[in-house]
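A, B, C and D are the chain letters, set down in written order, and residue numbers restart from 1 in every chain.
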Amino acid sequence: MQFKNPVTTASGCFGYGEEFKDFYDLGLLGGIFVKAVTGSNRPGNKYPRMAETASGMLNSVGLQNKGVDNFCKVIYPKIKDFNTQIIVNVSGSTIEEYVMVAERINELENIPAIELNISCPNVKEGGMAFGVVPSTATEVTRAVRGVYKKVLMVKLSPNVTSICEMAKAVVDGGADVLTLINTLLGMAVDAETRRPVISTITGGLSGPAIKPVALRMVWQVFKAVDVPIVGLGGIMNTTDAIEFMLAGASVIQVGTANFIDPMVAPKIAEGINEYLDRHNIASARDIVGALKVC
Amino acid sequence: MQFKNPVTTASGCFGYGEEFKDFYDLGLLGGIFVKAVTGSNRPGNKYPRMAETASGMLNSVGLQNKGVDNFCKVIYPKIKDFNTQIIVNVSGSTIEEYVMVAERINELENIPAIELNISCPNVKEGGMAFGVVPSTATEVTRAVRGVYKKVLMVKLSPNVTSICEMAKAVVDGGADVLTLINTLLGMAVDAETRRPVISTITGGLSGPAIKPVALRMVWQVFKAVDVPIVGLGGIMNTTDAIEFMLAGASVIQVGTANFIDPMVAPKIAEGINEYLDRHNIASARDIVGALKVC
Amino acid sequence: MKKFAHDFKVVGNNPLNARHFVLELQAPVPLPEILPGQFVQVLVHNSPSTFLRRPFSVHFADYSKNTLSLLVQIKGEGTRHMGMLKTGDTLNLVYPLGNSFSAPSSGKVLLVGGGAGVAPLMIMGDYLNRKNIRPDFLVGFRSADEVSQMDQYARYGKVYLSTDDGSMGEKGFVTQHPVFATSPLPYDRICCCGPDAMMHAVAKLAAAKGVACEVSLENFMACGYGVCLCCITQTDTGNERVCIEGPVFETSRLKW
Amino acid sequence: MKKFAHDFKVVGNNPLNARHFVLELQAPVPLPEILPGQFVQVLVHNSPSTFLRRPFSVHFADYSKNTLSLLVQIKGEGTRHMGMLKTGDTLNLVYPLGNSFSAPSSGKVLLVGGGAGVAPLMIMGDYLNRKNIRPDFLVGFRSADEVSQMDQYARYGKVYLSTDDGSMGEKGFVTQHPVFATSPLPYDRICCCGPDAMMHAVAKLAAAKGVACEVSLENFMACGYGVCLCCITQTDTGNERVCIEGPVFETSRLKW
């Protein structure tokens, strides 16, 4: 599959794209990773679901969505003709659920890929549990690979001792592309009320605060495995995007930054072109993994 | 052992305390965790050793120090009569080295405790490797426990899948107290030069950026094991310190914040008293782990 | 509805009292119509502790000057920074966001607000006047030194006042005001914005008296435009986004 | 030596050209003696991208007005913010930090500086004058439009000038200036501060001509007071901290 440019938007930070049509032409984007889709309707976690932190935020949405059936029947028709790649973020609590969702999405003609979310820290069962044990990660990836015929991306959790081990595990399971990273598990406390700030106590940390960890993981995985990488974690501007590409990301996702500046993703797409021009580099591909380390 | 107040300073962020005598009376502190001491002289890593990041910094000092012999003969006499607790941060590349250093520090009358640093991300051998595998962590702790007769603290790495498993592993090995957290492994890239910013490519992330992760780990470990916790990671002010105490830290360390405001540690000690007064709480002990979660 | 992110120019910063001020902001392009109850997301530059935008109801829109104003209560770092803005400074706004108070074409409307929650009542008053409805206002403040803009509300309708300490107007909460004493109430609709406790009390009273009631919620928001699902409130049709399906809700629909 | 962290008051912000300005800062307590070559660590408030302090050499200390000044080149976010400071604003400084240029009691001294590296030469000139030494200055800039403060240096000694493009003074790098053409050089000591390349070239030249030479290094710093070990440079006695054992080093000791 081809992206018209390396700038895409991260799952959970861009809805199904529709809201952003009020801001700009979605055709300016390389692609859109839509909000997690699960087997059936999930109301998500209790309010409050977010906390602001230093250069970042915690969220605990808990995969709120109306389920895959609703996605196929109600949402897909509205978004399938967007002039950009639409990738569905597939989530679940059991292997069977992941497989079921992937099978349904496989039927949707205008969805060229899914992103298997085995890294959501905000649900009690499944979610991140699949993404922190190599054998389980292989197993769920392999099961989905069995039914999903198009491009299979797997999104990894940073909450692990060895990201390379996890990367190898899902590539063994049949992943075509790796997305990293999802959120770091964090917590916020209100010193005055002496209570946790979010209803689930812990939540997922995103934003510039996690960029150094994300960059490190992209770089480690780029050196360790031989599949394309979709990189994200705290990308706020063109410079950040270039850093991820130098570290090894072929495509980047913009997540939390969409909340700070709704226009940021097309600005980055434009900025990458300016960077390439300024440095006399022919194509974005030429900077992927091009970090000079000696 | 007793701390006169819960505010101490973190290893590697306060030298051996001497430099701060130019700023204030060290007697205002609960204690000082001095820079890592290893078996012999280590020059540390090449320059550049640091990068600024969003609400944080990366460092890659690489345990620069003149070795335990120099510590005992040259440094100890200068610091042993500081009017506060002095704890030595013990590091090494092999179990033998940890044991050897601990044995030598055990002889120093005015050092009531050591903090075993099995979590330094910035050295090729040993360091963090000991802190991310439970069996190895148990082993090095047990070996040091064999020779070290006073309070044995072990400082854990956050770069693990399960912080509780690591906590239990070192408590099994004989740790009396747990310090958490050390730095998160991160990386910084200079988009213009297309090079890593620090000489070792990756380094340790500290500062407010990591506070949510640190708080989460303190809280998880507080619920899982039954030893006192020394909490740190991005503490910049009184509110942050209170948050760590509510999450379960009996004592807190101030690290990177010393670089932003050299006077910050005594300010926090003072601020905690004001907080307790304002909330009509008798003693700092009463807020340790007092987070209301229902 | 099209949404925008623009740098607005500060053309006025008028303190109302020690904790509240009104910012008047001029748009760089002609303003779209702003409905009463809609809000904006403000980017607070230059502060390490304000990463996310801050949501504020539109207090007033003056299309002739191409300005909007915000009535802001100082809470933390972000609002403190906003309070220090000077004429000529810029402030980035995402706008217009959210739904709006419903607009009856006739009937008697009571607009109830407390503290900074009075913010959207002004634009609502203006809006209703343009529909030839003169609403009544019932505004509540902590004490006389926080009472302000009474003459401005009075341009749009009759104004009732409560203060918690009775230092001006009626003493007590707004729900204790004589306006609510009669049964049935002489209103077809109540619109309320203020502290949670006030909105609950007003909603309960309205329900008891059988009057339709809308409230404007102030849930924590990350995006403000419907994509993060952080701001949800439970309604009779499940979790709804306060920033898109709200901030204004018919109280009969809310499970809060 | 005792060190302090204090809020200084901005009493002047004088642009020298588009990229450089001099900030004059008044201390809230009587200033301790500041030695030439010492630096301060500046806290840049109100910017999310400047977490660490920024180090700047003291440009001048005026004990009668109880002020110090910094000569700042705009590089990134931090210095840009500093450039926008206005009279009356405050700036938090940790001071005084580092060692200083050595102070010969007699002899002929050449002070060499380039770009923002000229900053410490002014306080050094003043210091030497008070020891009855009139140094020569050799200052280098990119071009005529960046040349400034020539008359002020001239108060303390003779001033030579180079510009990269020859638009004023001699053309070329400072090391190509005729001052360096004679052998032996008419100096007992050279003190240099500027871009790395300049310091290396001057050090090499000084070594070749057998003249003692000191440079002031500008390594990246986290703390500035000796505790983080981030700023080290290799010397004949191993890794030394630029913020404590430096920033001034005898070039014969450096392995750079």
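Before moving on, here are some points about what is shown:
Criterion: contacts are C-beta pairs under 8 Å (C-beta built on N, C-alpha and C of every residue); 3 or more make two chains touch, one makes a residue touch a chain.
Keep in mind it's a predicted model, so treat the numbers as computed, not measured.
With contact taken as defined at the outset, there is no chain that touches chain B as well as chain D. Minimum number of contact steps separating chain B from chain C: 2.
Put simply, the chain farthest from chain B by mean CA position is C. Averaging C-alpha coordinates per chain places the centre of chain A 48 Å away from that of chain D. One inter-chain figure worth recording: chain A and chain C are separated by 36 Å, centre to centre, where each centre is the mean of the chain's CA atoms.
Chain centres here are Cα averages; for chain A and chain B they lie 33 Å apart. One simple way to say how far apart two chains are is to compare their mean CA positions; for chain C and chain D this gives 54 Å. Of all residues in chain B, those that touch two or more other chains are 53-56, 207-208.
Residue positions of chain D touching 2 or more other chains: 48, 51.
Touching chain B in their complex are the following residues of chain A: 53-56, 58, 132-133, 159-161, 184-189, 191, 193-196, 201-202, 205, 207-213, 215-216, 219, 234, 239, 242-243, 246-247, 275, 287, 290-293.
Across the interface of their complex, chain C is touched by residues 12-15, 19-20, 22-23, 35, 43-44, 47-50, 52-57, 59, 61, 64, 207, 256, 258-263 of chain A. Within the complex formed with chain B, the chain D residues making contact are 1-5, 43, 48-53, 94, 219-220, 222-234, 238-239, 244.
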